[in-house]
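Presented sequentially are two complexes of chain A, the first with chain B as partner and the second with chain C.
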Partner chain A sequence: MWAYEKKLMYPVKVSTCNPTLAKYLMEQYGGADGELAAALRYLNQRYTIPDKVIGLLTDIGTEEFAHLEMIATMIYKLTKDATPQQLRDAGLAEHYVSHDSALFYNNAAGVPFTATYIQAKGDPIADLYEDIAAEEKARATYQWIIDQSDDPDLNDGLRFLREREIIHSQRFREAVQMITDDQNQQKIF
Partner chain B sequence: MTQESNPFRRSFVPFRGRFDPCPPLGKRTFVTPPNLFIGFQPPDFPQFSPIEALKKGTLWKPFYDFYESPYKK
Partner chain C sequence: MALMKSLPKEYYQQLEEIQAVDFVVYELVLYLDTHPNDSQAIQQYNQYAQYSKQLKTQFEALFGPLQFGTAVKNKQEWEWSTQPWPWQV
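This part shows the complex of A and B:
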């Protein structure tokens, strides 16, 4: 079960009217290494992973939905007042004829989301290594979006999200260590 | 912090052919984030203040890495 808090994880501010940035942000919305893929991947892997790391997957998977909501807010703010002409200039005419300015799980190139973006191999090491790779890919994607964006307020939010990817990668790496360590060995802190 | 002095950046210069059509970009920078170097988080790790942590996205100082585009002038 989930409890919802009606606020964003980090405040989203957009300072320039630039719908092209919305197109780039869609990579994190419905892309292969986006927040939706991450949330679905982790929450689904929970059932077949050692007990010790189920909670971690729940926590991170839930946080990914909070990130998804931030990305959605960014895209919405960048497109809600855009005219059809502005959307066409931003390369979003194809999106417009299919969805108006509604959000949809597409990547930056307009390719719709597919479950084949994620995996659940059932092998704890294989799954956690995939999760680490996913976090690093999401971190890199944030970097490339920041490289393309000249909106300081938007970049502030993107930097927060990028830092979270670093932390998630760290925790998945620790999870691998936890299930790899010899369980009979005494550890004293 | 500039990209040059950031300890979590590495760079390389790609091979340059005699007939490459475009002017060279020069040094290519890539990121090696702090999570690669620390292993399991040790006890008594240095922390940011709560307000700062909420802004930065992490409570733990050694895991913080500010990103700026290496192409930015």
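This part shows the complex of A and C:
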């Protein structure tokens, strides 16, 4: 089970109402390399991964939900005071007519989330390489969003999330090493 | 809609301290997941986990519950659902 803690993993501040930035952030909310995809990918793979790596997938998968909550908070704070006109100017009229100011699992282009964004191959090396690639893609996406953003408060939170992708990628690389070491050892005798 | 109550600056100071300490805890957890025999890291983990618990108890006495399922101090008001949520502060 999971138990909720009533706090964000890292403080989220935004400088001004800015629905355009909120639209870009949807890429990390309901996009292919976003936080929802990451959480669902790792927490699903852990049932069939070798025992040594279950803890890592559980803990990183759980952290992804904390990241998802940070992204949701950013989108919420950037749009909560926006008028319908401001949303339209930001290219969010299509979102508004369907969802009002509610959040939804779309990417930045408005495409809804799909389970086809994630994989579970049952082969530990294939799964972990997918996880490493996912972290690197998410890191790159955070960088592209930071490059588009002129909000220093928002960028502080985004830089934290970008750095977490690097840590996760490195931990997954160590997991690959643990599994290949095991596989090599089994061949010796 | 959000309540956006105005909160004292101590709320933010104490919360940020908890976030910083929990970050150390999380980093040690992930490290230990791939280095399970590093006894020095386990010792550090215990130290910071205990410190985190201590800070949370202090915070909860002033601002209401942070962790699900822990005993609450205020018996007149169910602060879990009446105090603001993380995206409202």
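Note that in this section the second predicted complex is superposed on the first by the 181 of 189 C-alpha atoms of A that agree within 3 Å, B and C clash if a C-alpha of one lies under 4 Å from a C-alpha of the other, contacts with A are read in each partner's own complex, and residues count from 1 in each chain.
Just so it is clear, a residue touches a chain if its C-beta (ideal position, glycine included) is under 8 Å from a C-beta of that chain, and two chains touch if they have at least 3 such contacts.
This one's a predicted model, so the numbers in the text were calculated from it and none came from an experiment.
After overlaying the two complexes on the shared chain, residue contacts for A:P112 are found with neither chain B nor chain C. Legend: residue contacts after superposition of the two complexes on their common chain; A:E174 is shown touching both chain B and chain C. Contacts of A:P50 after superposition on the shared chain: neither chain B nor chain C is touched.
Contacts of A:P152 after superposition on the shared chain: neither chain B nor chain C is touched.
When both complexes are overlaid on chain A, the residue A:R162 reaches chain B alone and has no touch with chain C. Contacts of A:Q143 after superposition on the shared chain: chain B is touched, whereas chain C is not. Touch criterion met: A:A72 reaches chain C, while chain B stays clear of it. By the touch criterion defined above, A:A3 reaches chain C but does not reach chain B.
The contact surfaces that chain B and chain C form on chain A in the two complexes overlap at residues 10, 167, 174.
Per the touch definition, chain C reaches chain A in the complex via residues 2, 12, 15-16, 18-19, 22-23, 26-27, 29-31, 33-35, 65-69, 80, 83, 85-87. Those residues of chain A whose C-beta lies close enough to touch chain C in the complex are 3-12, 55-56, 59-60, 63, 69, 72-73, 76-77, 80, 167-168, 171, 174-175, 178. By the touch criterion given at the top, residues 31, 33-35, 38-41, 43, 54-58, 60, 63-69, 71 of chain B touch chain A in their complex.
Interface of chain A with chain B (complex): residues 10, 136, 139-140, 142-143, 146-147, 159-164, 166-167, 169-170, 173-174, 177, 189.
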